[in-house]
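Structure below; questions to follow.
Chain naming follows the written order as A, B, C, D and E, and within any one chain the residues start at number 1.
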Amino acid sequence: MRKRLLLFIALGWVLLLIGDRVDELRVYQGASIAVYVIAIGSIILLTGYSGQISLGHGALMAFGGYVAALCVANASLPLWFAFVMAALVTGIFGGILGFAAARLSGPYLAGTTLALAVGLPSLANQFSILGGEQGIYLDPGLPPASLGESFSQYKWFFWITTLAALITMFWLANILQSKYGRTWRALRSNDVAAQLCGVHTGRQKVLAFSLSSGLAGLAGALLVLTISTVSPSAFPLSLSFALVTGAVVSGIYDLKGVMLGAVILVIIPEVADSVASRFGDSLKITSTLPGLLVSALLILAVLFTPNGPGEKLHHLRHKRKTHSG
Amino acid sequence: MNLMSTDTTLLAINGLTVSFGGLRALSNVALEVKPGEVVGLIGPNGAGKTTAFNAICGLVKPDAGELFLNGQKHAWPQTDQLTELGIARTLQGVGLFGDLTVLENVMIGAQKFSHSGLISAAFGRSSKDEKVLRERAQTALERVYATGIANRRADTLSYPDTKRVAIARALVSEPKILMLDEPAGGLGQQDIEWMNSLIRNLTAQMSVLIVEHHMDVVMSVCDRLYVLNFGEVISSGAVEVVRRDPAVIAAYLGASKVNS
Amino acid sequence: MSLVVSNLSVDHGAIRAISGVSFTVESGEIAAVIGSNGAGKTTLLRTLSGLKSASHGSAQWNNHDLFSVKPEFNVRHGIAHVGEGKSVIAELSVEENLHLGAIWRKNKKEMKSTQLDVIELFPILGERIKQRADTLSGGERQMLAIGRALMAKPQLLLLDEPSLGLAPLVIEQIFQTIKSLRDQMALTVVLVEQNALGALEIADTGIALNLGKVVVAGSAQSLLNDPAVRAAYLGY
Amino acid sequence: MYKFISSLLIGLSLGAIYSLMSISLVLVWRSTRVVNFAQAGQAIVSTYIAYEVVNRTGSFWLAFFVAILAGALLCAIVDRYFMRPLFKRVTSGPIVAIAPVVATLGLLGVLRAVVGFVWGVELKPIAAPVSLDGYSLGSEVLPFAPYNALVIVVVAVVLIALSLLFQKTNLGLSLRASAYSPEIARLSGIRVNEIRTLGWAIAGAAGAIAGILATPTSYLSPNSLDILLVFGFAAAVIGGLESMVGAVVGGLVLGLGVTFVSNYVSTSLIFPTAFVFLIVILLVRPSGIVSGKRSRRA
Amino acid sequence: AQAASQPGITSTEIKLGITSPLSGKVAAVYGKIPGAMKAYFSHVNDNGGVYGRKINLISKDDAYVPTLAVKATNDLIMKDKVFAIVGALGTANHLAALRSANLSGRGVPDLFVNTGFSGFADKAKYKTTFAVLPSYVMEAKIMAKYIDDNYKGKKVALIVQDDDFGLDAVAGFATAGLKPEVTIKFPTGADSLAAAQGWITGKLKPANIDIAIIFATTTTSAAVLGAAAGLQYRPTVGWMLGSVGGDSNTLRAGGVPLAILNGAIGTSFAPDPSDATDEYVNFFKGIYAKYVPGSTFDLTVLQGMNSAMLTVQALRAAGKNPTRDGLIKAIETKGAKFASAGFTPLKYSPSSHVGYSGYWIGKYSATGSLQPIDGKRVLYTTDSGSGPVVSATISRAPLPTNGLPTNS
């Protein structure tokens, strides 16, 4: 554990240095990556470990985003506290949902969470405090003056999101390696046997769902920070699907891959853009390309590295060893 | 170990009745397990043996019947409370967690000895707890001679090894009552003999309730037998008595087994 | 008319589960294949029915090359395989499981009469006929699995540990059934068994496998008398 | 009274369309244990093909049958060249449970993109083959037109045909057996791969029917069936995923529920209603209203 | 020489950027805007550009998702280094982009935002942003005024999408003191024919509505009008359509029998895209057919080209060596005089970034074109606050020769 802590601190240091050396656009992308890291981590916890499928994590992110924005806009709470609240309240909300979720398996859960993803954002228009389609402005404030004049807003976001990502990944890695992670894997594989071992499967599933929701809520709050605004359309169904894609690309079972998944999610629109502009911006191409890329990637990932790049690498290394040996 | 000192029954059930829709799987079944005893539950296929286990383990809901633990009346337990009550059980199918390692499988069985919470786990503070679990798991694996496979994934094991691990996973919770559902099923002769001696050795620390079709095993490890047929106890008592009971021979053993 | 297996080798990835196995089972005989856990018995049967592909060697049944077609067509050549571990479809009813066995035969009437025969053999299946197979007890499922195979009216029956988890009386019945299938219907049976004693008692020939190789083969009686076999597989 | 009757009729017509999509999802589930999210994609492709046919020949019914064929063929191809390799490759690990979900989601995206590329994103109409003008009851015109009657008749026919197919024929048994246990099915002489592909083709045909019947009352665009997919899936889940009747019941329950809430409570509660419906039904019956008996656990 | 230091400006080129939904659900409706703008810019470029510089419009997809809009806007500013953003689309999207990318703080001109959300004209908050469309609030107020003038006391129903402009409209009607008998709010996507049938049979009919206002996107208008056709239903006075959902080309594609539109009241600030007597329409149509052959010319295209024409005038007004500040000043000082297809005056001034300030009200013909009532185009202007609605006279400048502005 001590080793992991040191590793994360070192990683943070490296990221800090990188943040100082790249331009503002990259810094912004870095912040997005950090957000996705947390969101994908929440899917890995839920699906890879406890075996529950969620197609509605985008909606949970929205939930967290609104909580944070309300905290800042209405209660003028400090930013960090808003994030903590986002994680907590979404976690509690997820726990309540989890009671339903714990009783459902596979496709039933997929269906329910899908309905959540479609239904929840439209609720935002029901309550005027949520600001309708325009949403609510989340005033991120200015970076502390002590960081200097030239310290840009996006760098500030980058610091916040990266720090949050590092801390949550540290916690998550620890939890997944502890008896909790083991228990979730066990009940995913055989829930009767797990019960006989003294595992309260319902409670554990709810716990996993709740934790995962909390993480999603935090990711949502951070996402809202990077765009300064929370509105229903920022959390479309495609976001939920993208998160699943990211998790599959990362290796659904493997926290180490989250960086890759997150980077890819950020890069895809970029690639789509540049390819589309090469083909002269025809509406037919621009309208189909981004969807095509995400989908194709998803398909390639399940076909070729179903258990993540980690496994693939492991195999390659293994092969090389047996070849040379 | 002091738990054998009382003379009360460890486990008793009375008037257990279970039905599935129109099918009455168990009717008015009674049985007892005393400290240090190995009690066999035998009977034809479909007689209701596993169902009786399931009722005790909270996996089916009885229509009627009472349960006594240590002489005290107790509600039919929730499945996940069994280990706390000192009961552990193996499944008729093996039921290991396929993508966990053997050690992890057994550590799950030892969960009740871990008290660290989520927060301390998050901060990586549960390592002491983990160590306790690991040591206990290792000890349990030693008892079934399976330390060598501790780091293998459970779904890569040979069949006899899975049986060992399943027993280790049950043993690790230090039960007072161990329920084994067909422990010898599918094993070869040598492994069966090994299983026999293991079960006999266990009685120093616990009572065993066993369902088994392998008569050699039943005869050599059990102190007493209950015979179920069509959900009813048709015979019970000492092994030697039961095996000669004509009703048992007719319903279950068949003529050829009587003299072997 | 015989099952001829020659020089058969089968691999599971890097593991060679069957290596250079040859034997012949004459038509109308029961061949008991015994061996400890992991000896390769199941692999042998799965290869014969085509579920697993062989690495080397051949297997012929009455001049039909077992490896030349997919497993679903081997059934049409009279070869039925009952897999290890209660191979029934849990979600279907008992009746549907039975129908399944005869599904490739188009004659419905014949199917009905075969079903009656099977139920006569295993009366409990008649009682549970509308129940879903996953409500059956372990033993009941095993009977259903054999019943399903018999529905195909096979000539060659590949049975993988039919006695697994059955009550002694039923085991005896099943072995007797197998015997009578041979005697009355001239069925050829390859019987894979952990229960070596029971299997050899009804078998004509015996084949003992160890680590994928044939260690002893011969008449069942000779195996029963072989001290090495007795020590290793019979336990006395 | 008029309000009640018309809500009822609207709910039924809406439910009938949900049911169709739901049936096609249930079909794939039953024949391969896959929830086919790509169904909306497959249906959209076949519906665009129908659109082309209508445009060129003017015949809705020709287009209808072409769409069915196209849907069946496309689904068969998807199974043969996409799902089958997938199942071959993905055999272990936690991904197994979600791989089909993920793969069909991916496929949905690809099919949508293809459609967008070929036909563009502009909305396209398909004219109804029979009148969309409501029947009248006395002086009132009901929200129920010959076209709605047609849809309901088609749903009924599809339902009956498929139920008979599944429950009464060997093909139906083969389909179910192949889904539950390919190996045992093979050992029983069933050509599992072909049968599964056939199962997909049948589902594709049903999905194509859903697509083309849903379009005359709305319009066609690469995304136009997405909401239908969500509601169809919800209906299938409510119905228990296993049974055709469940799918229809689920569809009708959802159609009626949504309509009544929208007409009597608030129009803006449509999605939340559907969600709450789903949750409540699943809490009461975690495997749907028309589910088989719970299987034993040990 | 000065101008060389301006981002996006070289001696031969002016780089502009636009973000819009080129993919996703609304691409069908709004995806055409960049193409329309480019068509007009190509025309200008082929005729010498703006003071010798060609306009290069870089278009990015935001899929109507705020996060992507922020990303796309950042890309435009930091990677492509455009001189200005023009014609950005989608309220929530552009709000996010504007705030996160801090267009105002960076001084990036953000011209002619393509939404009717009134907040974009808030000069105090968004120094560099210029609205162009009249706001939804204005539209609602004007509709209310028209009803008050012509159908006082009639029962009105309001069908609005439960999102930005729907709720803006609700607010506008409230400001104008119009109390709808029935208000139907529905979530985006829940606008199927069946749902619309329910609104009619469950709400409009029982309440005996005289005027039903559909203030929603075209797909919703299509659903409602389609349902009405099937039910042979018509509010006693008739339908009234908001400008967003009132494009008959799109309605036709949605399967609406145009006959049902006949006599419906509609609003617009621009001419009807099928109005063959309008010089702007004819000109834009010709250009569009030349540069984007095969695509239908509709209201969205018209608006896109119109914004492009305003952009060219703004660039010209900023002078031979334009700067970002200069551009903003130029619109503030000269923008109200720009030639454009819009009939209502542009309200640009040093103190206002409001664009068109009103609508004309017409009726749909049997072929779906919006025509002045009794041959007279009646204009109304107002503001997005509590100001009054007043009738106005047309103040449209004539089309510059060959559609090429010569202002400076």
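We adopt the following convention: a residue touches a chain if its C-beta (ideal position, glycine included) is under 8 Å from a C-beta of that chain, and two chains touch if they have at least 3 such contacts.
Just so it is clear, the model here is predicted, and its values are computed rather than measured.
With steps allowed only between chains in touch, the distance from chain C over to chain E comes to 2.
Note on connectivity: the fewest steps through touching chains from chain A to chain B is 1. With respect to chain B, maximal separation of chain centres occurs for E (centres as means of Cα atoms). For chain pairs C-D and A-E, the one joined by more C-beta pairs in contact is A-E. With centres defined as mean CA coordinates, chain C is found 31 Å away from chain B. Each chain gets one centre point, the mean of its Cα atoms, and the points for chain A and chain C are 52 Å apart. Between the CA-based centres of chain D and chain E the separation comes to 38 Å, rounded to the whole angstrom. Looking at chain A, residues 118, 122, 125-126, 185, 192, 283, 287-289, 291 sit in touch with two or more other chains. For chain E, the set of residues that touch two or more other chains comprises 23-24, 27, 31, 162, 185, 187, 189-190.
The residues of chain C that reach two or more other chains are 135, listed in rising order. Touching chain E in their complex are the following residues of chain D: 2-3, 6-7, 10, 13-14, 17, 116, 121-127, 132-134, 136, 141-143, 145, 216-219, 221, 223, 227, 255, 259, 262-264, 266-268, 270-271.
In the complex of the two chains, the chain A residues touching chain D come out as 47-49, 51, 53, 55, 100, 103-108, 110-112, 114-116, 118-120, 122-123, 125-126, 185, 188, 192, 237, 241, 244-245, 248, 252-253, 283-285, 287-289, 291-292, 294-299, 302-304, 306-307, 311.
Across the interface of their complex, chain B is touched by residues 35-38, 124, 131, 135-140, 142-143, 161, 164-173, 194, 196, 232-235 of chain C. Contact residues on chain B toward chain C in their complex (touch as defined above): 20, 23, 42-47, 50, 92, 158-160, 182, 185-193, 213, 215-216, 251-254, 256-257. On the chain E side of its complex with chain D, the touching residues are 23-25, 27-28, 31, 162, 184-187, 189-190, 192-195, 197-203, 205-206, 219, 222-223, 226-227, 229-233, 250, 252-255, 296.
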